[in-house]
Structures are given as structure tokens and as C-alpha cells.
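Encoded as C-alpha cells, here's the structure I'll be asking about.
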């Protein structure tokens, strides 16, 4: 049995956890050849990789799609070969042919969970009549980034959280280093602020590092991110980081391989499997320490 | 004894030793790379003697694995279209870094004039404009895209030719500018659900058809027209071209415009192929387009090379990519191996060229 | 100004930063006249040519061609106005072959309605090239070789053939025979004589005294960026030695005394 | 009347009109950009008259907004270190595209020798090697990183000099190669939790210290040593340099090695600053490093420019970035504006240079 | 082979693709001798020089320097073996100034233990440069200007000064006075005479008959890539016309008859 997988990018932290988990799981299954490719965020390349797999005659394909709005093109490229979408939900999820399925999380949850928790914490700290802060975006061309930022704005739009005000938002491209520089730039204006929301953990950590370097007390600032990476949990353990969101890589990884094998063998599978996000705070962080 | 049919007398000129065209070296490199994959297929134990190019399923109608042949060229066709334009820019001793982001920006713009009103009976969820811009004839998005490309190219060319900005900087500025336009157009949201006629542009093997047709056209233009001759002359010695009375500035603007229009067209084909347009599209395309040209023997100092070379350079990249999938090379090694093979191909080319002299 | 002059300059001056390469040149030449410019290395001869042909923009001064004031934005303008020039740097495109270089910027074409995409008539250009080169007596084994691979003299002959192939209202040659062999020099001198017979005016820059005395009507001497003598050698009043003493600064023409250094 | 102190007689040479150094133009561009932001701050209504460079909080100790001054240079210091090396490569008429991925690969490698055994009392969850590689003296990761850089540089240089691969291709190959190495080293997992002494390398304003110190050293070397003179000579006319008896090949290998070691050092500083190393680090650094050099007046055709120019070019980028945050420019406009400003800065430079001649 | 010869070549041949630029040259020169190489443009003179100095790799043949067989991998080797050359293309770095070019590849330095990072002694080089240039009589207003901005003759003088400043076991000059003015030519000829007095051997390539007869002992003529005459002009047996007839192919030296075209 031969499975080919393509991932939107190899150097994404969370996807790496997913990827490596899948390699491990695939090795544990007898007679399974598992091969993975890097689409380096290039949609056309990913479509070609799927076509290449088909030319190769693999038995099933797993796709972590670069762009969720290109579901139709990927579906078409696979033809009759069984295909499983993993992690990201393609826009044609309701029209998938019987040879295809998907195993993913609903991206709308992640940003919302994190922002709402920060909102509640600010209220609890008695800042309910006005709090100002910054929002760090991931790559603006990335849909997860766009979605997570939109979630933040939606949360702030709610009555309960409309005391929150965004002073400025700017991209730091998922990166800790750029987040440090961006945060330092913001702080150089001297404006006081109460929270920092970031589209992922790396940027949140970068912001925390910059604030600590400037001598700020992290108890005064609420910081929220997404991913629950190990680095993030350790920063949380040190008391600097307040809110993040966990996404289950093992569940998605094994789930997608199992579905691919079943499809290749002609068995029926559920076409949609949602794996939920989980909010992580200092209270429950110990449950997640060795998960991602 | 001297063959002087094209000379004015003088030394012995042995016509049989006429210079061996550069393109043959690259073709040779291509064949060697294919042979290596073929051999690897026989040698590697887990490949079960599968063949790279040939059909092992024992059919009557073809000895080749057609699916593989098609994908080899299909996957480089779009970047190849860009490379045709970049080749011309490089021939003038310039460089064009803006093509990757230009692909994205054009894709966004063209696609937003190519949307359908109804998707499976529901209103288009990604609609950019109101109903007036829905289900337009296909010519409109195409012209919009090409016009945008022409505009960017004109700006690039004007900066390079009239303001004497180094091409690297002028097009790096446009690189940032076009990425910005792509992001700003729909604030990062993808644009999807094109009309059927727009989808046709990039469907199936159409990208290959465009690529080869454009390559043929520009091969002819570069070789047999005044435009081509002046392009080479400028790259060879810009000062001499100017002193010989070529309107160097106007010509450069034209070259950059043509290059950007080709990149814009690549953006149209790409968005049609993917049925979506997204601001992050085309990342690193500019580098790979340049790489195709240089692997194909186009000299970055200008004046030397041909479109045939670029097409062969594109094929080299296509074969490498398919080959890696074929030998089941893991993604994390693919980059390393790709780097080595590109260098090896050029070494081979250099080596042959030197031995000839 | 006056129509009787082919070329006239007034106070033509060029400074490169602090270097005063050409200073107040007042130059005149009549129809049909052949004039030589001589002078030490760095005296400003080529600078003078570059100002006239629009290769560079002058610091100040005026230029008239056939009585009409001209202000060329570039060499293209100069050529269109009828000035053909062999530059000292030759201005050849190294990667192109001989016919390409000969016809650079004025290719023989077919289907001219195609605009910039009109087609090249390679065959016609090749034939015209061989003819043009024969006039300079140079031997080039394979004219399809790129100019990069030509010897110094071969390159120079290509540049000369380029000028000699087209008719012009004024021809300028900056040290055309510097790299040429004995035979080729003789041939180029013949080309110059043909121009003289045809009544086409010529400015010749040369360091070769014999050649200058053989070919031209008048010698203008430059020294340290200034014109310092204007000698009508057909009158027979001047010998080579006289000219040398002007070049070296031992003598200065009367009308130029005021600037003498 | 002629000042001939440095000539051998001849024309009038008016020393007062000596050429105006190129670097002054860039400094001028820098000042203009700062002035524009300062004015924008006064003019834009939502800025409440905040100042860009000056302190509006009315303190005694400083009239400047020190935090801003620091971040302006801090955020370009790391890419600036790369730019110092790239400048040298460009001076030889080469180019180095591999520096971005090299930063990532070096960061991964160096960091994995710089890990601590215990993080908050727990064992390091990101440990790459066993306990033997924990809490090593800081010199070991630094040397490991520099050695890796030297190796990559030697390979780049060898390909360029001895195999005559065009620098664009050789370093593009290494670009892919280093990206591959970075991904392969820990199969994409980040490496974190460095020792304290390693963290110090990139802490606070240390990156700026490194950047300026290295810039000063290489400015001196390029201007006053044989190494520098030969670097310029090769870029100016490689054939002439060879004919004059310079060992061009050996020299080029040296230049590429120095450049890669500087990029490797940038990777060390970056990973120290971020306390983590990730395979995706340093994306586009190579482009920005080249941009700094070119904005700073280094000619891509080689032979012309200076390190001072590069430092000023880096400052231009730093000011732009801080300025955008300062005027709260929206992310999707930032790229467009950045592109325009870069081009404008170079136009200004070109304009002044031409007027001088 | 024999130690009495400064330079000896046997069957030295260079083909560029199909172009046979140099074919079977057997060349010998004795200690202290000054030899001129003459020939039409494209006859192979510069090609001959490039093979001897290791600029290019020969197609076949052997070269001996002072009786020792040499096979230079590049011009650096040739220089280290004591050959100083003024190439026809001059080999100057356009962006560097005059002293930099003069000392390119053998800078005067301080702190030599610093290896490649040893420091340049700008002052010493500047002084030596002015001295070297004075010997060629060229006038350069500002030697700190980059070579790109020099006139044709100034460039050539820099290249000559570079060679003349250093002692050598064999000096080669490829058309050194082609672009030079009257005075500068005279000075360069003086430099050659000085070499003769010092007993340093020289190969001079020139198209200038007067110059050659003034300066050298022997003329070797190349035609169409082959040596076709070897004339001892000090014997007084040959006139300029004789040489021209060898160059043009009207005559061929007896010992070269078998190759005659």
C-alpha cells in the first residue's frame, strides 16, 4: 500500500509536529509506504504534486491544503485516487466525491477562544471599562492568519468585550524575531497598553521577550496566542503567558492515515471528521505539556 | 583550403568545427538526469523495478508513461511562461524580481472579474464586486490582467531606463509593491469560483500549450526581428548600443513591459488552473524563473542565450521534481538534492563549453 | 550661424568634476573640407568629439551644423542629423557578430509594417558586410564569429566599415588607424580620399603626422583642453616639425595667444 | 593655476570640485525620509502631534526618543551583518542568495549545541542531542556555527571560482541546500532553550554592537588592505585582475567564505536573540541584505561602493520600518509604501550622482 | 632547450574552434635581443603572446624560458617567472585609480605578516606612480581619478608604466604606442632603448615600420597564423618595403616555404 502526502509547508512548527507524528504512525503499519512532500505554500506546486502522485500510481493521497478555496482544483487533480484532506477544511467539503474525506479542525474556533479568554481575564482584572492593546498578524496572505485576526475583531465586536480597543495591528509573519522588533517599535511610542493578541505562539513569545527586555511586568499585560507549543507552555509555566489554544496533532494525523487506508481498500469512511480546539491556560496547561 | 564562404579571407577556418550550440549541452544534462532516475529506479530495492519514463504496465498504445511525461512539463509550464519574459530582461543585462508577486496580484485582479454569480445555486461567497462584475465574458478578466501587467512593466522599465535605478532595486520595489497590491485588493481574502470559460484557460494541458506557443513565438522574435537584435545588443554593450543609435531607453521599457505581461499571463493561467486566486501565490516564482533561464545558459551579464535554452532549463527543473517523487525522496531531502542537481547541470554545461574552446 | 560652414562651435566647454577637459573651443569647418585634430594624449580631442555627437552633454557652448544650431540629446540624434562617427572606443557589441555590428541601429529589414518586430534580412546584411569589409582590406576568417573574439585591428576595421557603408553629411574618425596594419591603413586612407573626392566633409583625429599631411587640408591642434593652433597645411607653410612644436606647446597660434598657459 | 599635487601635469584640475562621495547622497536620502515621517507625525490628525525622533514626554535626560533610535538600528542589525558580507560578494560582481537559508541552518546547528539541560527544573523538551551536548561552553556552538558557515562559503566560492558556475545559480543551489539542511537537522522541529551565555550574544543591544563593530572592521579592511583592493579589482574587471597576476580564484573563495561566515554569525545572533532556532527563519533575509547594499550604492556589476554605504542602506530600511509602525500604516499598505520609498531613495541618489558629473 | 635562448617555442599552435589563429610557430630569441613581431591584422600576433604568457591554454606545442620548459597555468605564473607584458587590451581595472592599477597584484604593503589583510602603503605607491608616469611623458591631471575616465592614450601609458616600473627577465609589449601622441611615443621608445642598454630582452609588436627599424634587432613576420619570415634587420639587408612584401605575402622567407599559402 502506498500513500503520498503533501503539506502546505515543512517549516511550520505545528505542522511539523503533525507531520512527524504521521511518519511515526505510518512506520508502525506493516506494508505501508509513506511519502511526504513540501508544497512550500505554493498552490500550483501542490496541485502538481497531487498529479505527480497520481502518475506514480499511489493508492491514496493526503493533502494539507495550501489554500482552502482551492479544494475543487485538488479534488479534480486527484481523479479516482482516494484523497484525504487534513488539518485545513477545503471549501468544497460538502461536495466531496465518495473517494475523498477530510479530517480537520475548524479554524474559526482558535482565534475566538484565545481572544475571548483574554477578554474575560481583562474584565476579571477590573479593566472592563476600557482596555487598549495590540494585535499581531501572521502572514497576511495566509488564511489562518486572516481568519484568526478576524476572530479577534469579531470578539471585540461583541457587547461583552467591546471595552477592548486595538491601538494598532501589524504583521510579524509568524516569527518570534519579527514580533520582538514589532513590539519594541510599538513600545517606543510610549503609549500604555493592557493586552497583546497574536495569531500564534511564536509571535506571542516574541512580544513577551520584547516587553521583558523593556522591563515591563508581565502581570500587567494579558497575552494571548494559538498553538500550545512546548516553548509556549514553558513560558506559560514561568507565569509570563496567559492564554493559548491547543490543536490535536495526533488525532488529526492518525485519523487521516486511517481514513486514507480505508478509502484505498474501498471501505466507507465518514467524509467529515472535526477535531476540536481546546483552550489552554495556566490552570490546565499541565495536561498538554507533552502533547505538541 | 580555407572555407571563406562567410569571411573575407584570412586564416584557415575549418567549418566542420563550428561552435557547438550551447543548448545541446543543456539537452545533454537533461538526458543524463533522466538516465540517472531511470537507473535509480532499477537499482533501489523499494522501487520494484518501476521505470521513470516508460510504461511498465505493458499496454499496447504507448511505451511511455504518458502521465509522467505530461506532469513533467505541466508543472513547470506556468513558471516557464514567466521565464520567457525574464529571459528577455536578462538578455538586456537586467533582472526582474517582481514577477512572483505580480503573478499573485494579477491572479487576484483577473479573478475578481471572472467570478460566477451562482455557485451550486448559492450566491458566490467570495464575490469581490457587485453583480455587475459577475459572469463577464472571459476576455475582460484576461485584458484586465494583461493591462495590469503592462502597467507594472512600464513602471519597472521607466525606473530602470529613465531614472537609471538598478534593475535589482526597481523590481525589488515592485516586488514589494505587487505583494502589497495583492494583499490590499481583498485584504488577504482569496477570490474563487471563476466562470467556466475562465477555468478553461488553465485546465488540463492548456498551460503547456501556452508555454510552448509563447516560447516558439518569442524564440522567433528574438532571433529574427529587430526587437530581438536590439535586446541582445543592449545586453552585450549598452554604451555601444546607444552610440550606434539604438533608442536604448524606449527599448528597455518595451522589454520590461513584455516580461511583465508574460508574468501577468502566467498569473491568469495559474488562477484558472487553481480555480482560485490568493495573495500568497507565486512565492519564489521569480527565483525559479530566473533559475530556468540561467540553467538554460542565459548569461546574467546580458547578451548571451536563447529561449530554447530557457525551455530546456525549465525541463530540467520539471524532470528533477517528478524524479524526486518517483524515487520517493522525502520532502526534507528534496531541497538539498534539487540544489545539488541544479549546480551539477550547470557544471556539466560549463565543462562542455570550455572543452569546446 | 553661417550656412557656408559644415560645423561650427562657439565656446564649447566640458568639465568633468574638477577636470577641465575642454575649454572654450571655437571651431569652424567649410563644406567639403577635411580637417585633422591633433594633440597630446589627454588634450581633449575625444572629448570634443563626444560633445559634438551628443554622447555627453556639454558644460557650455554652442554647436551649429550646416548653419543650424543643434543640441543633440544623444548619439541617435546626431546620426539622424547626418553625423557618422568612428569613436575611439569603437562602440561595438561584443556578443554580436560582424554583420550585426555593422548594421546595429539601422538593420536591413523586411515587413517593416511590423514596427519593432519587423524582420531582419540577414542575407542582405551579410553580403553588404563582406563588401564593406573588403574596402578596408581586413581579413576576418569567419564574420559570424562574435566581435569579442576579433583582434584589435579587426575590431577597428568593423567600426570603420560601419561608417563608410553609409552616406553622411559629416564623418568623424577618432584615431581610426591606430591598431591597423600597413595594408589596412593604406586602405582606410583610400576610403578617406574617396570621401574627399565625393565632397563629403571629414574630421580626422590622428597622431600620425605623415597620414595627416597626406590626407587633410587643415590641422587644428589641441593642448590641455584648448585649441592652440589652426594650420592651413595645403598652403605649404608648415612642416611636421612646426606641428609638433604646436602640440608640445613650444609655439602657440597667434589668435590663441591669450589663452596660452 | 593647476593643482597638480596628485597628477603629472596637464589640464586644469580644480580640486575644490572633487567628487562628492556617494555616501553623502544616501545620508541625505535618509534625512529626507526621517523628515517626512516627522512631518507626517505633525500633520496626521490621529497622531496627536507625537514626534518620530524626539521625546515628547519632556524629560531632562534626553531630547531624543531613545527607544525609537535603538529599535531603528536594532531591527536591521542582524540583516546588516549579512549585508556586510554580501557587499563584499557584490563588489566582486557576484551575488549571494544563500544567506537567508544559511541563517536558518546555522541557527539550528549552533543552537543544538547551546541547549540547557534543565528548563524551569524540567528536562529540556527540545533536546536535540543527549546529555553530553548540554550546557556546553558558549564557544562551542559559536565555533560550530562559524565552521558550518565557512564550509558553505567554501563550497559557494569553489563552485563560482573553480567550476565557473554563475554566482546566482551556485548560491541558489546553496539556498535550496541550506533550507534543506535546516529542515532535515531536526526534521522541522524548532530548537530552543539556550544557555545563558549563548543568550547573551543577541540580548539587548548586542546585535547592534556586533553589526557596527563588524562594519568598522570590514570598512577598514576593504579600504586599506590588499584583500580589499583585490576585491574591488576583480569586480571592476576580472580579466584585467587575472592578467595583472591576482589569484582571482583563491580570492573569490575567500570572499564567499567571509560572506558566509558573516551570515552564519548573523544566524547565531538571531537564534540567541529569539532564544529559538527554526527552519523557517531568515526568510527573505538574502533579498533584504542585497537591498541594503544596493540602496547603499554598491553597484551590482561590481567594483563600486563601500561598507559605509551599506550601513546607511541598512539605516534607510530600519527607519522605514519604524516609521510605518509610527504612523500606524496598515499592513497591506506597508509593503507598497516600502517598495516606493526604496525606489525613491535610489532615484534621489542617482539624481545627485548625475548632477555632479 | 638550450640555455642561450631567452625564449624558445616549438610548434606552438592555437585553434579557436574552427579558427586556426596560430599554427606551428617555432620562435627563438637570444639573451639581450630585441625582436619585433609584425603582421597584418588578425595574423596571430596577440594570440602568440597570449599563449606564451599563459592567458590561454595552447592547443599544442612547447615553450622554453631560459632553457627551462614552462607551462603557465595563468598570467600570474608567467609574471612570477619574470615575464612582464603590456597586453593589447591593456588589462586595466576601470573602477580603480592610476596607482591602484599600476601596482595591481603587487602592491607595496606594510605589516606583511597580516597575509591577505596586510596593509597598503598608499603614499609610497602614489609617489612611485608619478615617477613611473613621468617616464612616459603622459599628462594626467588627477591620478586619483578612476581609469574609466582616462583618454585612450592615458590608459595605454598607465599600462606601459606598469611594466616599465618592474624589472623582468623578458618584456613583451603588444602595440604599446598605438594610441600615443608624438611626445609620448618618443618617450616610450626611450624606455625601450633603456631596456636594450640594460640588456633586458624585449618582444615588441608594432605596425609602425619606422619605430621597428629604429628599435629592434630582428623582425619576425606572421601571416595567417604562421611565421613567414625572420629578418635580421641590423644586417642592413632589408628595407621597409621588403618587410611589407613579407607581410602582404608577396614574399616568403625560404625556411618557411613549405607552409606557404
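Letters A, B, C, D and E mark the chains in the order given here, with residues in each chain numbered from 1 onward.
In the analysis below, contacts are C-beta pairs under 8 Å (C-beta built on N, C-alpha and C of every residue); 3 or more make two chains touch, one makes a residue touch a chain.
As the structure is a prediction and not an experimental result, all values here were calculated from the model.
Engineer: Among the chains, which has its CA centre at the largest distance from chain B's?
Structural biologist: E
Engineer: Let me spell it out: compute each chain's centre from its C-alpha atoms, then which one is farthest from chain D's centre?
Structural biologist: C
Engineer: When the C-alpha atoms of chain A and chain C are each averaged to a single point, how far apart are the two points in Å?
Structural biologist: Centres of chain A and chain C (C-alpha means) sit 71 Å apart.
Engineer: Roughly how far is chain B from chain C, centre to centre by C-alpha average, rounded to an integer in Å?
Structural biologist: Here chain B and chain C have centroids separated by 44 Å.
Engineer: Counting only Cα atoms for the centres, state how far chain B is from chain D in Å.
Structural biologist: Inter-chain centre distance comes to 30 Å.
Engineer: Quick check on chain A: which residues sit in contact with 2+ other chains?
Structural biologist: 10, 38, 140
Engineer: For chain B, write out the residues touching at least two other chains, lowest number first.
Structural biologist: Correct list: 10-13, 179, 183, 187-188, 331-332, 334-335.
Engineer: Which positions in chain E are in touch with at least two other chains?
Structural biologist: Chain E, residues with two or more chain partners: 16, 18-19, 42, 89, 138-142, 224.
Engineer: Please output the residues of chain B touching chain D within their complex, sorted ascending.
Structural biologist: The touching residues are 97, 159, 163-166, 168-170, 172-177, 179-181, 183-184, 187-188, 287, 290-291, 294-295, 299-301, 331-340, 342-343, 346-347, 350-351, 354.
Engineer: State the interface residues of chain A toward chain B in the complex, per the touch definition above.
Structural biologist: Listed in rising order, the residues of chain A that touch chain B are 4, 7, 10, 33, 35-38, 40-45, 47-49, 51-56, 66-70, 72-73, 91, 95, 139-143, 145-146.
Engineer: Which part of chain C faces chain B closely enough to touch in the complex?
Structural biologist: Those residues of chain C that touch chain B are 55, 74-76, 79-80, 85, 87, 89-96, 100-101, 104-107, 109, 114, 116-120, 126, 130, 133-134, 138-144.
Engineer: Would you mind writing out the residues of chain D in touch with chain E in their complex?
Structural biologist: So the residues of chain D touching chain E come out as 2, 4, 6-13, 221, 224-227, 229-230, 232-233, 235-237, 239-247, 251, 254, 303-304.
Engineer: Name, in rising order, each residue of chain B that touches chain A in their complex.
Structural biologist: Counting only chain B, the residues touching chain A are 46, 65, 67-68, 70-71, 74-75, 78, 104, 120, 125-126, 179, 182-183, 187-192, 270, 273-276, 278-285, 321-322, 325-326, 328, 330-332, 334-335.
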